[in-house]
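To start, the structure under review is shown below, and the notes come after it.
Per-chain numbering from 1; labels A, B, C and D assigned in written order.
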């Protein structure tokens, strides 16, 4: 199966017994609103409520049709009831970890399940959550969507940085990232400085973890620590966990624990529930992306008005945007300002509980590589599966 | 999901990144050639060979493209390797039973897996296989396809009959089948007599099991036993296993065991491998269905010629036909003769190892009922699933 | 435009503003029921009535939706009002001829317009109508459909025969038709004999026109005239109009005029209006095709029952069948008998006024040749169009 | 036929004989690039060249496939050769007028044919061309596309204004436009002032024609004439041609003739051919629309780069944008400035000879009204067509 062929299709062909022809498509599981609702539910009962609210169609007079209207939410909940139990695994060093739920970070909020986080919080002294992509996407969604909906209050934030990424933001071509380049590092540091400033807008004080690569130069690392301290007034720690395991990040860990226990965090989301949807987007664009404004297409504006009229104006917004720039243009590096963030479209995820603002492409069904792994997989005469890796 | 909407579709829409648009459709698992190949494989290695031979497309110059050409058969085999282990269950009375594999009886041969049957034969003294629908379909396919491919030699055959079905073949309307009607029973007996005669053409001597319904009249049952004896020169046994369990069929069981152990069976399939495909179909039509001949459409004839040219002329044929008549017309009851069996189309199942002769409708994706069971399924507050039955 | 791409399509894609997606297709003008209705109308008012009756869809409770229901028949009539005037042209020898209307001979009745024929009858002493294909198709439809609906009474019939075609019916390969072969001519004569016998069933006495080819042998021609006379008790005339113009067919013309003026014709269609639809088809199959019977698929039978219930049981039937055989099998030459004519499907042309019986393929949109003529058409610098022929 | 169902479709369904399935759609004639090429051609030979250059597809390695590659341009030219003759009609007062060609003003340049204009110039002393929509669209395309390609040099420009439109730009609701409202007229005048300033950027001095509506107040009209004179330093004339025919615009006509004959025009297009495509768009956005900048989506930017690489960077650009605002937002009235014009997509019309910049919706197939006119059209018994108007 080459899944990409299922991205867009016309179904119900072949006559009336097969239903009314319609344009449709398949999404990969993690791009489904079911996955997002699953990850934001705090109980089985809450999951059923969220599933019930998922809008799957509209009537001819444009009223929403929900999974509940189709009497589907009961059976959907039954199918998911075992999956909702968070699965505990362990790291190579024996630390407990929950790996549970994986909503796409473009069409959804990109965080693991609330139930896993809450379970972890009831079991451990410290719980670390990874929120991927740039902090303008991962951290923003974690803080404004998951923490808001789940009532979570982070006690500390770590921003992970690499010399390579900062030099790229300073203008170095990909092929040259392995070469020391202090000037470009300084130029690209504006990107990290903006992330640091952004996190403070949530009432949180971040520390920086420099993810050490074996080819990194000590001089550059020292310079980055200095820049963080002198220009952003924050702390940075060199972390060698890739090479040395937990020991390599021990200093950072102790410092983060200290911050967390200090009670200094004053977490608050970036915008209140009551703010109109477009203003929420504008707030993120201005405060986090450094933009001058947003440009909402008439279509998108009409949808936002409609979602508000339907009673969903209080939901947080979930931005679909490139992760390689603060702007919507993947090539605009560093810390751009004054740009306009185009909002091309808006999608209501009534079950998950947010409104997706389309500022970039959304792909709900990834394609296979040119040589799919399946081509190499086979069973030997001894019953051993080969070719999986 | 209302599956019927997936019966016919156009996929790969939305631009070149999604592939070339094509007409396609989904089949339910049991209608897939994969299921048929799975059930006719006698080992994992044989399964892989059958999967590899499945034809999924044609090149522009009309050469077949197989799963092996797509390098898919290795991964397919890995996916199925655990499923290929037959699953042993038990009946209410504790008898061991394999329930393993379920190819559709129209597009495929409708029998459980060869591996289950062979496993059972190596474990038990007697193995009973149920081959559903009328014996013109179920038994014919079991004997001509499964036994041929698997090298099985049945030692005895039981034909199951009911008073209701025979009276229906005698012309009684469905609503009136509960009333005693000796005349119609006699009229409909020609249907059973034909089945008895048919089984003898395989070198096997059948006995008849009369499946007792609580409303059946003793007089009719006695008459049927008499008819079987006097007009078909065979034995019939009244069986009350529905009401009494194994005890209710004990007499039959002893008689069948006796026959099986007598060594009287001289099994041979109805037609040899070497017979041309159309002649195989004609042989079944004349010998089993009582038809005068077959009428093959030019399209179907061209396909049969092509399959033969491709080297598949030696395969057995698998007839897709209504189960309510010996003919292709569902309303032609009793034991019709002189009719023409229309062969509208032909499908090559190169992986499973047979050629399907389309003499009736084939539905590869059943629809949901008007009120799908899913509407009633839900999870109670105590975590109990309700509404499954 | 490569028209064949429009044979089958799904339209109304792209959102609700474009309507409900549906499976559809384009027909070439001459395959449209509009053309058939146009050709069977005897006035503008009658045309509007026929257009109004054309069924274009069904409601959800399966009631027919007509062009009148769509309020389209008025505008359709306006579009066609000028086209309905028959266009008078002349032959190379200056004879007047109407070339007006051209319904396909498979999905429709294949005759020119009734209005042209009636206009010709009011203007000339003799009117000759060409009804193409074999007389089992062309003449049958002309007599049973056009003459029935238009109240026409032919006074004489000419069957055109060629040595080549008769030798082909006698088993000669296409490449060898140029060689004299008296034995094969005799063998193939059964085909012509059947056509002669068929025409007599309509109360008409046919004469045979032997269409002379320059390579034909005089011996064969003499033999054919003898066969017609002695074995079919009819007259045959050697016609050289291809080489000599009207003069080459003068003897035939005088004889036909004589027959027409003799008043000997006793025309009656093959079956009465009141005969059930399937029986009409069976009558044609037995009387004209020499078949033993027809085999109607359950689908087609259900449609015929429905058409009758809708009040269209009195319509004549229009057979879609190969023109190369009396049977439905293009390769069954000569004068086959005892065959079964399969009726795969049935189509109601309520506007035209007949029921199409599908006994062969129907193509409503021909394809372009490998090198379309359009590739050679261009305009010279002097404004002359080149490449049309 | 409800044409909107043809806007989007999947064609070539039904099997290999019908071609490869593809997504396609129908355009109304006036939205076809053929119409635009037709209107910009200056001879039959030039038309053939333009048709030959029309790009209809891409090869797998993304090389353009033109009508010439399909050997279609010769036949296309033959089909259009008679249509290319401009058709001379007359006005109610007997003035000669050419009505010839009508490319859509969004997907194309919206002007009549160059051949008609050149014919008129060779026949008359003065030729008036109507370029519809707001002058930011109609005049801009006439001047930058048609005049550029055709080598035309306008001698004078008339901007048509109405009190109603200016009051609407001043904030009056549609329902209240009939009421005198001097304050709003003054507020909305900025829109007219911008159009006047825009035309001067082409080296042309416009006069304003106030299209008198019977309900217009004399006070407002006087005020508008004053505003044009004092604030825009231009002349305005009250025109009553709707009520009085040519006589009602006589004063304007004499003044325009005077200007035309004065030789004061120094026409030059807004941007040179050599300017890069995006800069051409930016120039129009800034100079004509008053925008701060344009925002080109990455997709559109990639296409512009590709068109340039293919050798089409010298073409003029044709903007698809709303006609109700200088911006891309239909509700932004008056004379907005500082806005960003979004360029969502770009389309190469290689045959017509321009690149379409998509800054708004493009509909290539209009829909029928709720009650199509066809429903009322019919033919009376006397052969009269009714319901056309």
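Just so we're on the same page, a contact is a pair of C-beta atoms (placed from the backbone, for glycine too) under 8 Å apart; a residue touches a chain by one contact, two chains touch by 3 or more.
For clarity, every value in this text was computed on a predicted model and none was experimentally measured.
**Q** Can you list every chain in contact with both chain A and chain B?
**A** Chains touching both chain A and chain B: C, D.
**Q** Count the touching C-beta pairs: is B-D or C-D ahead?
**A** Pair with more contacting C-beta pairs, B-D versus C-D: C-D.
**Q** From chain B, which chain is the farthest off, judged by mean CA positions?
**A** The chain farthest from chain B, judged by C-alpha centres, is D.
**Q** Centroid of chain A to centroid of chain D, CA atoms only: how many Å?
**A** 45
**Q** How many angstrom between the C-alpha centroids of chain D and chain B?
**A** Once rounded, the distance between the two centres reads 68 Å.
**Q** Could you state the distance in Å from the CA-based centre of chain C to that of chain D?
**A** The separation of the two C-alpha centroids amounts to 51 Å.
**Q** Which positions in chain A touch two or more other chains at once?
**A** 10, 13-14, 22-23
**Q** Could you please specify the touching residues of chain A with respect to chain C in the complex?
**A** These residues of chain A touch chain C: 10, 13-14, 20-23.
**Q** For a test of understanding, state which residues of chain D touch chain C in their complex under the given definition.
**A** 2, 4-14, 17-19, 22-25, 44-45, 48, 71-72, 74-75, 77-78, 81, 367, 374-379, 381, 383, 385, 387
**Q** In their complex, what parts of chain C are in touch with chain B?
**A** On the chain C side, the touching residues are 10, 295, 297-298, 329-330, 340, 342, 344.
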